[in-house]
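Following this line, the structures themselves.
Consider the two complexes below, in which subunit A is the common component and subunit B and subunit C are the respective partners.
Coming up: the complex of A and B.
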C-alpha cells in the first residue's frame, strides 16, 4: 500500500468509521531488541564487573567474596593514586587547554577570517585543525612516537637543525618529561573537536550584538569576553563535559606512545586496569579500579548534564 | 586603516597554527618514501631522493594489510548499519510511541552510553569466551552495535520527538500499521540524520582500540587500528617501516575526511548540542 500525506482529508470520516486506538504501549515491542541487546552487552557485564570488584577473582575458578578488601588496598596503592594524578594532567591537556585555545581560535576564525577572507579560507583552516580528530588514536600514536624518538626523531632533528641541540630530549623515555610529551600529543589530537563545535555555535549568535558592541568602541577582546563567551556557554559545557570524560578514559594513546612508562610516569587508570586485568590477571583488583573510574565518570556526566539543562532552561 | 592592517597578522598566525597541525602528516608522507639507508644518512627532515616504495610494500605484505582493511571495513560497515537500525527502533518507541516511563528508558540508554569500556571489558572478554565468540569479528560487531546504538538512541529520540505528528496520524488512518509507518514514513523522512549517524558510527568503530585489542588476537581478525597499535607497542619496526605504517594508517582517515567533511563538521555540532 502507499501512504500519502494528501489523503489527510479523510481524517474525520475514517475516525468515525471506528479504528479503535490501540493502547500506546504497544510501541514497547519496538524497544524489545534494543533492551535485550543492552542487557546482554552492557548491563550484565557492568553488574558482573561491579560484583567482581568485591572478590579476589583471578579469571579462573569461582570468585571468593572479599568485601571491600580491594578498595582498602587501592587506598594504599601509590600506583593507583599516581594514575589518577596523571588523569588530572590529561584533563588539562584534553579538556582545559583545547577548550580555551579552541574558543580563541574559533572566535578568530569566525570574526576575522570568516568576515574578511571568505568562507573558503575559513573552511580550509578549520579542516586543518580538525584533521587529527578523524585519525585512529593508534595511528596518531605511531606518528608521534616516531617524531618524538630520541635519536633520529624529527623533533630532535629539527632542534639540531635550528641550532638548539641542547634542547634535545628523550621525549617519551625521560620520566620527568614523558607525561608532558603525552599531554602535548593529546592537545594536538583533541583541539579540532571544540573548535568545530564552537564555530557551529557562533553561527547562531546574532551579528547585531557584535555590530552594536563595535559601534560602542569595544575591542576584540572585550567583544570576545562579553558576547562570544556568554553566548556559547551551552557549547562550552558540552565540550568540557565530553572532553573531560574522554580524558579520564584515555587508553590507546598511552598504550601506543609509552605503555604507561617510563617507570609508570604516564600510567593512567584505564591503562592501569587493563594491565591489572590482562597482564597481572588480578581481575578482582582491576574490576575495583574500573569501578572507581566509572563512578567518577558517571558523577561528572551527571554534573555536566545538569549544567547543560540548567543553561537550556535559562535561555 | 589600522584595523585592516591588523587582520593579516591574525590570518598569518592562524595559518602557522594550522600548518603546525598538519606538519606531522606531511613529514610522515615525506619519510614513507625513503629507503632505510637514505633515512639514516640524511635524517627525517630531508626531501626523499626518489620514490622508494619498498618500505610501503614490505609493510603491506608483512602485516597483510589488505586483510586488515577488509576486517575494518566489514566490522565498521556492519556496525554502522546495524546500530542505525537498532537506534531507530528504540527511538521510534521513545520519540514517537512516547511509551510509558519514557524519561527512564532514555536515561537507561544515556547511562549505557556513558559507561567506560574499562568497566565492561573483562566481563565481555569472559562471556565471549564462554559463548565461543572470542576472537571473532562478530563479537566486536555485536558489542559496538550496542554501544553506538546507545548514542544513536539518545540523539534520534529527540529528533523523532519533534516529528510532525499529522503525517503519522494520517498514515494510521489510512490503515498503515506501526511497522509500515516506521519504514515508509519515519525512516525516509529522517534519512539525512540517519546518514550522519551512519558516517559517525563507521568512523568511531574504525578508530576503536581497547575492545578490539582485547577481543581480536589472531592476525586474520585484527582491524587496522589494532594491527598498527600492537606493532608499535612491541617496537619491532625501524623508522622507515614506522612511516610506511603511519602513512597507510593515515590514508583511510584522510579519505573519510575528504568524503564526509561536511557531514562530520555538521554532525558533530548537531550531536554535541542536542
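Coming up: the complex of A and C.
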C-alpha cells in the first residue's frame, strides 16, 4: 500500500509538471491481451480438466466426485502403461534420432555443402528437409498410409521392383512392425526442425575457430566433435526439449496412420485419452489421463529449461 | 481514483469475466424461437439417397411453411458424434438433428435429459404405425438409456442391413455358381483361393472385420441371444457356442486365405474399393454401399442375404432427434412428418435407400426393388440384429483392436473372446 500511495503522489506531481507517465505501467496494458488469452485458453481449461479428473462423468449431466479413483485405476491400467511405453519409442523417433541426424546433416550442409556447392544448394536442401514440417500431419499421414499399404503401397512395389520381395511387409498392419513404421514416418516429419535450428546456430559460431582447427590439421569429424557440438549446445537443449514434448503429445500421426492399432500396438497416451474421452465417454478418466500427461510434460519442460539455463550460466 | 496498476488489474478482471462469459455461455446464433426459423443439422452426403431425400423434404417444408426460413448446417458424422452432448447442452442446439442410434449415443443423450420426448407426437402423427417393430427398437429408450422400450426419443426414416455383394463376372470366370447355402459359399471361397484370389474384401482397421465376425455369430443365434447381448435381457457369455464358432471360424478363414492376413490395417473404404476394382469377388457389408456400387461398379454384380442365417446386422437408420433446448419444436415435428410422407419415402427408395414407409408399387428401379424386397424378407422374419459395437460405449474400438489381433494371429480365439468379455462386462449396465 505504501508503494501505491507514493506512486499516486509521484504520478500526480508528474502529471502536474507535464512529465510523461512511468513506462512500466503503460507496458502492463500491452500484456493484458496475452494474459487474458492465457487465462481463457490454458489456465481455465486446465483447472477444469483437473477437476473433471477427480470425477466420474459421461460428459453430460452432473459429474460425481470420486476423488483419486481415476488415478488409482490409471495405475493398474495396462493399456495406459503400454501407450506410455510407446511414447518413449516416440521420444526416440521424434527427439533423439532427429536431433542426432539433424546435427550431422546441419554440420555437413553448413561446413561441406555450403563451401563446395554454394549457399543456394544448401538453402534448397535445407528447404527439402524442412518441407515435412510445413505439410499438415493429416496430409502427410494419408500419403504415408498409401506408401506403406500392404498390397498396392509404393514401398512394397519398390521393394518388389528391385528384387527384394522378401522384404515386403504389412508395414502398418503387423503388430511387430507397425510402431517402427510410425516411428520412421515421424523421423521424416521431425528432421527438418532440428536441422534448421542447428543451421541457424552454426551461423553464430566464429569461423576463426574452424580455420584455426583446420590449420592444426583437425579433420571434419574432429571439428564437428570439438567445435560444432560445444558451440551449439544451447540449441541442442532447446531442440531436445521441444521435440520431446512434441513426442509425448503426438496424436495426429497415430490417428491418421493406425488409430492406435493393430491391436493397440501403436497406441499413445494422447490417443488413449481421446478414445477414452470421446468414444467410451469416460470423460473423468480421460481427463485424468490428460492431467497426468500434462504434469509429465510440464516436469520435462522444467528440467529442459533448467538444464538450458545452467548451460547458459556456465558459458 | 484508481492507480494505474489497479486500473490494469480491474480492466483485466472485467475483461476476463467478459471473455469467460462469452466463451461459456449464451451466444445465440440467431434462432429466434418465434416459429420463423427451422435450424436443421444432418450429415448425409448430398448425392446419397438420404441426402437427396432430405433436400426434397426441405423444399416441401418451405412450400408448406411460407415465411419460415430453414437454416441447414451440413455436419460430419464424427463432428456430431463427438460434440453432440456439449452442443445440446448449450443454447446453440438445432431444432432437429440427425443422430446415431443406439444405447451409447441416442440412449446416453436421452438418459441425460438432452432430448425431447417424442412419444405424444409419434402417436398423434402416426409414426408409430409406420415403423415395424424391429425398426422402432432404436427409437425408444428407457430411463437408463437402453433401447427397445420406454419413450420415443428419435424417429428413423430409413433402414439399413447387411448383405453379401458378389461380383458375378468373377464368379462366372472361375465357373462358380451363386451360393445358396453356407457350404456353397465356403466352397466358392475355396475355389477362389485355389485360383490365388482372396475372396473376401476385409478391413481390419474399421467396421467390416467385426461385422463378418458378428454375422458368423448371428448365424448360430436367435432373437433371445441378440436381446441378451444388445438389450441386456440376460447374461452374455462370449464363450458360448455362437461367439466361439464366430471367433474360431474367423481365425480359420484367415489361415485358409479367405481373408487376407494383410487386411489388419485396411479401412472400410479400401475394402469397398477392392470390390469395386474387381480384386475381391465378395464383400459382406451394408446397404449404405448399394448406391455407390450402382454408380461405380463396371461389372455385373448381385447381392444375397448371408446364407443359412435368420439374422443379419441391421436396424432402423439414424434418427431425427429434437434437442430438449430446441426453440422451434413444432417446426421440427412438421419436418420429421414430411420426411415420413409417401412422397419423400418413395424418392428415398428410388434413389437406392431403404425406406420404412414407402409405397411398394412406387419403387420403379429394379435394383432398388430387390434391395427393398430383401429388407422386407428380413423384417418379416424379425431378422435385424443391430450392430456388435452398440451395447457398450467404446466397444467399437475394442472390437477393432481385438479383431486385428485375430487377423495378425497375435491373439487366439479364446483370448480374443476373453478380451471382449472383459470390455463388455465393464461397460454394460449392471443387472
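Here, the second predicted complex is superposed on the first by the 280 of 315 C-alpha atoms of A that agree within 3 Å, B and C clash if a C-alpha of one lies under 4 Å from a C-alpha of the other, contacts with A are read in each partner's own complex, and residues count from 1 in each chain.
Keep in mind that, in the parts below, a residue touches a chain if its C-beta (ideal position, glycine included) is under 8 Å from a C-beta of that chain, and two chains touch if they have at least 3 such contacts.
Nothing here was measured: the structure is a model prediction, and the numbers come from that model.
> Figure out whether A:141 sits in contact with subunit B (first) or subunit C (second), or with both, or with neither.
After superposing on A, A:141 lies in contact with subunit B but is clear of subunit C.
> Regarding the shared-chain residue A:239, is it in contact with subunit B (first), subunit C (second), both, or neither?
The first partner, subunit B, only.
> For A:48, decide between first (touching subunit B), second (touching subunit C), both and neither.
Touch status of A:48: first partner only.
> Where does A:301 make contact in the superposed view: on subunit B (first), on subunit C (second), on both, or on neither?
first
> Once the shared chain is lined up, is A:188 touching subunit B (first), subunit C (second), both, or neither of them?
After superposing on A, A:188 lies in contact with subunit B but is clear of subunit C.
> Quick one: classify A:161 as touching subunit B (first), subunit C (second), both or neither.
Only subunit B; A:161 stays clear of subunit C.
> Comparing subunit C with subunit B, which touches more residues belonging to subunit A?
Here the partner covering more residues of subunit A is B.
> Considering only touches as defined above, state whether A:261 meets subunit B (first), subunit C (second), both or neither.
second
> After superposition on the shared chain, which partner residues are touched by A:248: those of subunit B (first), subunit C (second), both, or neither?
Touch status of A:248: first partner only.
> Touching A:88 in the superposition: subunit B (first), subunit C (second), both, neither?
Once the two structures are laid over each other on A, A:88 reaches no partner at all.
> Just which bits of subunit A does subunit B share with subunit C as contact spots?
In the superposed arrangement, which is not itself an observed complex, subunit A uses residues 7-8, 11, 25-26, 28-29, 40, 44, 59, 149, 259, 278 for both subunit B and subunit C.
> Report the residues of subunit A in contact with subunit C in the complex, numbered from low to high.
Those in contact with subunit C are residues 4, 7-8, 11, 21-22, 25-26, 28-29, 32, 35-36, 39-40, 44, 58-61, 149-151, 170-175, 178, 258-264, 275-276, 278-282.
> Given the complex with subunit B, which residues does subunit A contribute to the contact?
Subunit A residues touching subunit B: 1, 3, 5, 7-8, 10-11, 14-15, 19, 24-31, 33-34, 37-38, 40-46, 48-50, 52, 59, 105, 108-109, 112-113, 116-117, 121, 124-132, 134-139, 141-147, 149, 152-154, 157-158, 161, 188, 191-193, 196-197, 200-201, 234-235, 238-239, 242, 245, 248-249, 251-252, 255-256, 259, 269-270, 273-274, 277-278, 283, 286-287, 289-291, 293-294, 297-298, 301.
> Where on subunit C is subunit A touching in the complex?
1, 3-6, 8, 11-12, 15-16, 19-20, 23, 81-82, 85-86, 88-89, 104, 108-109, 112-114, 204-205, 260-266, 270, 393-394, 396-397, 400-402, 404-405, 407-408, 410-411, 427
> Tell me, which parts of subunit B touch subunit A in their complex?
7, 10-11, 14-15, 17-19, 21-22, 24-25, 27-28, 39-40, 43-45, 86, 89-90, 92-94, 96-100, 105, 108-109, 111-112, 114-127, 142-143, 145-147, 149-150, 153, 166-167, 169-176, 178, 180-182, 184-185, 203, 206-207, 209-210, 213-214, 224-226, 228-229, 232-233, 239, 242-243, 245-246, 249-250, 253-254, 256-257, 261, 264-266, 268-269, 272-273
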